[in-house]
Each structure stands twice: as C-alpha cells, then as structure tokens.
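The following pair of complexes shares a single chain, chain A, combined with chain B in the former and chain C in the latter.
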Partner chain A sequence: MPHVKCLRCRECGSEYPIEPLNACEYCFGPLEVEYDYESIAKAVSRKSISNGPDTMWRYHDFLPVEKESAVDISTGFTPLIHAKNLGNQLGLDNLYIKNDSVNPTYSFKDRPVSVTTTKALEFEFEVLACVSTGNLMGSVAAHGAKAGMKTMVFYPADLEQGKIQGAAVYGPTMVAVTGNYDHANRFCSELADNHRWAFVNINMRPFYAEGSKTLGYEVAEQLGWKAPDHCVVPGASGELHTKIWKGLQEFNDLGLIENLKTKMHLAQPEGCSPIVGAFETGAGHVTPVRPETIAKSLAIGNPAAGPYSLEVLRETKGTGVSAEENTIIDGIRLLAETEGIFTETAGGVVISSLKKLVEHGKIKKDEVTVAYVTGNGLKTMEAMGDFVTPIETTPDYETFQTALAAFQKM
Partner chain B sequence: MTTKRVRFTFPSELIKEPVIYKLGIDFEIVTNIRRADVRDSMGWVILELEGADDVIQKGLDWVSSTGVRVDPVGGDIIEG
Partner chain C sequence: MSATVRIPTPLRKVTNGEDKASVDAGTMVEVVESLEEQFPGLKARICDDDGELRSFVNVYVNGEDIRFLDGMGSAISSGDEISIVPAVAGGS
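== the complex of A and B ==
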C-alpha cells in the first residue's frame, strides 16, 4: 500500500494504523483513510489512468488496497450518457446520466464492496458479512463468491422474496432476523463486535466508503477531464455524496482536473430526508427520522455520514432537495420514457429532485449537470404498482383496429 | 460486565431532563460521555455505558421510554 498513510478520526483527528477499525477510541468519531498524495502524484497521470482497465480499478492508486489483489467482477467505468431527450423535457442542454445501474449486480454498491472484499482478504478475514435490505446484500454475496470467502448476509425477515433470491443465488449463508428494522440494525451492530468477520459496512466502513470515490473520478474523466457544474446524488447514509465530492477534490488537488466549482446537490425522498431537513432549516446537525418511503434503498433514518454530507452541501453551495413520495415513480417513468433507462426508486428520487432544481432556478440551461442513477429498476418492480393498461384484443384484425381506435381516443 | 457505545438524541422538550444522571443512579450504569452537542432545539450525546448486560438493556429501554432516541454510535448500518 504505497499511497496510504493511516486512518484518521474525522472528528478529533486521532491517528490509527491501517486495521479493521471504524470508530475512534477517544471520541467514537468515524475513521477515514488518509493518503500520501505526493506519492500518488508521482504515480498517476491522465495517461496512466486512461491506459488502465475499463473498470473502477483504473483508479487503484487512489484506493486503500494493493492493486495486485483486487477482487474485481468488472465493476465500474459505467456509461455517462448525454441525456438529450430528458434534457429537452427539463430545459437542460448539457444533462448527463451516470448510469451505474449496469454494474455486475446492478447497483453502485459493487464499487465499495469490491474495495472492501479486497481489503478483507488483505486482512486475512475468512468471513465477509453485511446487513442489508437490498442492493448491498447482492453485491456482498457476489464478491464473496468471487473471492472464495464464506459470506454471511443478514436481512430483516420480512424482506421481499426477489431481493432475498437475488443475493441467495451466489451461495452465501442467509440470516433472516426477526423483528423490525431497528432490531436488525442494533443486533448486527453488536454482532460485529463479537466476531472476527469483515462486516463491510461496520468494521470495514473506512475502506468500504472509499470505493464510492470512483464515481467522482469516472465522471470527470468521461467529461474530458473536467468537473461538471452540478452533481445530483441520491442520499441515504450521505456517504456517496461526500465521497463523490472527495473524488473530485482529489483529482483537482493533483491537477488532473482544474477549476473545481461543482455544486453537489443531494436528493432524498420526502419520507426519509433527515439531511435535507437539516439543510433546509439551517440546523447544525442531523436529527434522525423514522423512514416511511417507497425508496427503500434510501431509507436510512439516522445517516452515519449525515453531518459530513451537510458540510459538503454548504461548502459547494449545493442544494438539498426532497422528492415527494408521489413523484418518485413519475421520475422513474420519465427517465425510462426519454432515455430508455429503467432505474430503481432511488433513481426516481434523483430525477424528480433534478426537475425541482431546474424549476427553482438552481441549474441553468447550459450548465453541465450529472444525475447519478445508482440502481436498476428491476430491483424495485413492486414499487411500480399496476400502471400498465394494455389494449385488449382477440387475435383478429377488426377487433384489434376497433380496440386501437378506442385506445387512441383515451 | 459489558460496555456499550450509544448515541442519545434529545428532543427540545427533554434537553433539560437529567436522563444520563438518572441512568447512572437508578440503574447503576457507569456513563462516560465522549462527545456531545446540545442546542436549544435538540441535542445529542455519544457515550459509553458499562454495566451488567441485562441492566444496560433495561436502562436503555427506560431511556427510550422517556422519548429520548437511542441509536448505535455509527448510525444506521442496514443499507439498501
């Protein structure tokens, strides 16, 4: 690990060695990986990155792992699409969709999990684990399979069958935790203290979080080594928002891009918007909420990185936006009908929030805007409800023509 | 004996209540505050508790019953 210096507490600055730790012993603040940027600067250039693999591992010098050991299932370097049709509808000339729903397990989670699994092997863990309600469990199960690790996936017992099967197919040990969301949350927090397992989003959190930086690097590279004017990012724990910004900052600090002035907007569903709520009231801290949203992948009521996401919003002059619950499906359908991209509910939150940002004059027509679509729509089919009204016909021409005419009058 | 790291979030109407003091006196739990931020609208305290397993659980159940929210220090860990 030539470019990694230590872990450092985000609150009190205490320094720790590179070990599977996630909280400061003094103030219990979260730990973050600290890099030797002089060393990275000597190792990377636009050319060296461009010559790398067509995956997130082209940025290995910015990640806290040995590149030789990468557990890679071809994650990343996903398409950045110039969304002309959606842009026309919204009044934006330079709108781009970062389509991260085409990763191997169909969500951006493959990025942090790829880094974490690699690090877990370096730490010689034998068991990879997570607690999840969807995208994360599938990604952990897939990476565990690729790495040849024993994998434990914990989930609330009332989770939808589709999500359970989507993870179970990779062969992990599935653990259904009875009780509600809070019970599973607290139980797994305690479990992580008592077993030597690599819990990707608990004791491995500092390394896990770093994987999301690659969504900042990729967008800058795909825009021709330029930062966008605006990013619209879905908000759950707030970590994705802060790490995309960290990625852009690192590129800027190393001279790979210039003139970084990106406004980092955060999109949360109205039914779970603790960070946006704090932003709107000007509060200095994030008050936890009880999630009541159809955007299950964003249903984190007590976001671990909430205060840091709030800082990024204020530092970059971004805006926190909440999408009304009844506009989330509209956002999904608008993206599908204009760009042919079917996203999950979190993507619907992003598109709905993007529309509000434009309507409120926060984004101007010619500004380069990137909306992050982080998960595939097939994962949240149940949220779509019954919206299909087909033309019903018997297999004869006359009946069909009559039915078609009636349909066209509707 | 066991230790547990928790975060208490106080709504505005409970900020003046000596909840942590009572937790120590009434339940004989050792409380050790590590970080806190208290404003007029709300407040949070991150602390370590030390005591018997079942006593800590009873103490936390009581804290929750007062209207103070109890969470793991690291926030919600379940992810979608």
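== the complex of A and C ==
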C-alpha cells in the first residue's frame, strides 16, 4: 500500500490510522482514504494501466490495498457498448451503456467488495458481513467463499427471491430482518460496534467505497482516455455517484484525461428519491423518506452519502431525476428490446431517467453520454409481472400456422 | 424509571468505554443534556453550536428515526431505547 497515507474525516479533517473505522469520533463525519497522489503519479501511466489485467485490478495503484493479496473473482473491465439502437430511439448519436451487470455476481457491487474482502484479510478478520438491498449480499457471500472467510448477510425480509437465493448459494449465514433496509442498516450499525466482523459497508466503508471509483476510470479509459459529457448513475446511498466522479477527478488531476466537464446526473425511483427531492427543492440537506418502490436495490430512504451526492450534482451541473414507478419496467424492456441487455429495476430507473433527461433538453444529440447499468435482470424477475403471451400450439405444422396467423393479427 | 441510550464506538472515549447510559428525560433535548452532565464533552460531539444534531448523526427512539418523529423535541418515555448511530453506513 505504498500510496496510502491515512484515513481523514471529510468534514473536520481529523486524521486516523488505517483501521476498520467509518466515522469521526469528533463530528461523526465520514472517514475517507487519503492517498499520496505524487507517489501514484510516479507509478502510473496510460501505458502501465493498459498493460494491466482485464479486471478492475488494472487500477490497483488507486485502491487502498496490497495488490498481491487481492481477492479477485475477475471483477470489472466490463463492456462499454455503443448503444446505437437505443440512441436512435432517444435521439442520441453517442450513447453508451456501461454494462456492469456482467460481473461475477451480476452487479457492480463486486468492485467495492473485492477491495473490502482484500482489506478484511489484511486486517485479519475472520467474518465478512454486510447489510444489503440484495446485490451486495451475493457479492459478499461469493468473495467470502473465495477468501475462505465466514460470511453473515443481513437483508430486509421482503427482498426478491432471485437475490436471496443468489446469495444463499455461496453458503453465508442469511439473516432476514423485519422492516425496510433503513431499519436493517441501523440495526447492523449497532451490531458492528459489538462484534469483530468486517461489515463491508459499515466499519469497512472507507475502503469499500473506493472500489466504485473503478467505474469512473474504466469508462474514461474505454472512451479512449476521455471523460464523457454526461453520466447517468443510479442512486441509492448516493455513494456510487460520488465515487464515479471521484474516479474521473483523480484521472483528470493526474493528467490521464484532460478537460473534465462531465455532468453527473443521478437517477432515483419516484418511490424513493430523497436525494433528487433535495436537489429539486434546493435544500442543503437530504430529508429521509420511507421507501415505496419496486426498485428495491435503490430503496434506501436515509442515504449515507446523500449530502455529497447533492454536492456532486451541483458542482457538475448535473440533474437529479426521478423515474415514475410505472416507467421502470418500460425502461427495462426498452433496453432489452433495443440493445439485448436485460437489467434489473435499478437499470430500468436509469433508462427511464435518461429518456427524461433527453426530453427535457439536458442532453444534446451529439454529446457523449454513458448510462450505468449496474445489475442483472434475472435477479428481479418478480418485478416484471406477467408479461409473456406465447403462441400456444401442438407440435404440428397446420396448428402452428393457424395460431401464428391469429397471433400476427393481434 | 429511565430511558436507555446505546453509545456508539466513536463516543466511547467520552463515556470511559461505557456502551450504555441511563437518562431521566422527557424529550430528546433533555436526553442530550443528561448525557452531557454524565459525560462532559459528549454534547459537542453530536450537536452543533445551535444544539441541533450534526448532519452525520442519526438518532433513533425504539428503532424509529427521530426525523420521522419530532426531531429533538421527540417525546421520551420511561423504558425507551435510544440509539445514536453514525449516518455513514450502508449502501455503496
């Protein structure tokens, strides 16, 4: 870890050693990893990064762990797809989909969890734990299995079956908590005080959050070492939004990209949009809400990084958009039918919000736009409802021809 | 009878390692005053100069965020369990 200096409180600047700590003891502000950027600058170049592995670990110099010990299940360097068909429908010439639903556990969470699991082993933890809206627990369970750690995953009891089974298969201890995610999160924050467990998004949060920066680096590198004009990012805690921006800023500061002017848009579902709500009213702080949305992976009513996400929106002249609940499935189907990518409800929120941004004139036809699709549709099948109407036929030619003719008239 | 406050790790240096405290209080404002009497310096850690909770401090009464109740005016009854929790947790 040659490039890491310490942990520092983002609010009051107090310094802490590199330990599993998430909150400042003086003001409760979030602790963040402080790097020695001069040291990073000497170590990296476009060439050195390009010669790295085809995973997120090509950016190891920007991550707060020892590369040699990385717990890697081949996460990252996911496709950036020029979405010409969807672009045509929306009126955009340079639309790209960052398809992060093809990670090993089918969501972007493998990025922060790969970093955290590595760090948890460095700290000699034996138990890896998390509180999850669904995607995270699958990733924690998988990385724990790979690292030979015990895993404990906590989740709101009403989660989609695909996410529950998709995590359980890796052998974690599953804990279904009554209430919503915010209830489970409060509970786990207190548990983390009394157990020596590496709670990836609580006491390990400063290290965990850094993994999401790689979604900024990758997009810039894949665009030919250029930042896009627009990013559209799904918002739950707001941390992904802030960390993609941090990644782009770091690349810009180190001269790996130039002229950073990306507008960082945030997409939340109407039924849980506390950050967008604060953006729209011009409020200086985020007021928590009670989530009522089909996009369960975004159902965080009390977003931990809400204030900073709000700052990023204002600093980059981005727009906070909320997608109406009844447009989320439309967004999923539009992406599937135009680009062959089946995303979960959070991706539906992103596509529906992207459409609104174009309609409201926030994105121009020729501007380079990246929409982040961060989770796989097979995990949220319940949300799709009953939308399949097959042609029913016996296996003989005449019956099929008649049925097909009837179907085509419909 | 009194209410119980669960003390999070960042405050335990101020409470000499105690992870719980008892308070006699009718509102959250009085809870904070009572904690300050018992553990001088604690109030400044969780409240700003105007006595409002700092932005990264969440307080729950029996598991309910006080921002869904009456904030610092929220009523406290005997036997209530109060949690002070760093806001910086969860999600990604």
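FYI, the second predicted complex is superposed on the first by the 397 of 410 C-alpha atoms of A that agree within 3 Å, B and C clash if a C-alpha of one lies under 4 Å from a C-alpha of the other, contacts with A are read in each partner's own complex, and residues count from 1 in each chain.
Heads up, the rule we're going with is that a contact is a pair of C-beta atoms (placed from the backbone, for glycine too) under 8 Å apart; a residue touches a chain by one contact, two chains touch by 3 or more.
Fair warning: this is a prediction, and the values are worked out from it, not measured in the lab.
Engineer: If you stack the two complexes on chain A, which partner ends up touching A:120: first (chain B), second (chain C), both, or neither?
Structural biologist: neither
Engineer: Considering only touches as defined above, state whether A:209 meets chain B (first), chain C (second), both or neither.
Structural biologist: The second partner, chain C, only.
Engineer: Which partner does A:240 contact after superposing on A: first (chain B), second (chain C), both, neither?
Structural biologist: In the superposed model, A:240 contacts chain C only, not chain B.
Engineer: Contacts for A:183 in the overlay, against chain B (first) and chain C (second): which applies, first, second, both or neither?
Structural biologist: Second partner only, chain C.
Engineer: For A:194, select first, second, both or neither according to whether it touches chain B, chain C, the two together, or no partner.
Structural biologist: second
Engineer: Touching A:272 in the superposition: chain B (first), chain C (second), both, neither?
Structural biologist: In the superposition, A:272 contacts neither chain B nor chain C.
Engineer: In the overlaid three-chain picture, which partner chain does A:351 touch, first (chain B) or second (chain C), both, or neither?
Structural biologist: After superposition on chain A, A:351 lies in contact with neither partner.
Engineer: So, A:302: does it touch chain B (first), chain C (second), both, or neither?
Structural biologist: Once the two structures are laid over each other on A, A:302 reaches both partners.
Engineer: Report, in rising order, the residues of chain A that make contact with chain B in one complex and with chain C in the other.
Structural biologist: Touching chain B and chain C on chain A: residues 11, 22-23, 26-30, 109, 131, 133, 136, 181, 185-186, 188-189, 201-202, 205, 236-237, 285, 287-288, 300, 302-305.
Engineer: Where on chain B does chain A make contact in their complex?
Structural biologist: The contact residues of chain B facing chain A are 5, 9, 34-35, 37, 39, 41-42, 44, 46, 48, 69, 71-80.
Engineer: Under the definition above, what is the set of chain A residues touching chain B in their complex?
Structural biologist: Residue positions touching the partner: 11, 22-23, 26-30, 109, 130-136, 156, 181, 184-186, 188-189, 201-202, 205, 236-237, 283-285, 287-288, 296-306, 346.
Engineer: Please name which positions on chain A make contact with chain C in the complex.
Structural biologist: For this pair, the touching residues of chain A are 11, 22-31, 108-109, 112, 131, 133, 136, 179, 181-183, 185-190, 192-194, 201-202, 205, 208-209, 212, 236-240, 285, 287-288, 290, 300, 302-305, 307.
Engineer: Which residues, counting only chain C, touch chain A once they are in their complex?
Structural biologist: Result: residues 6, 8-11, 13, 19, 45-46, 54-58, 60, 63, 65, 67-68, 83, 85-92 of chain C touch chain A.
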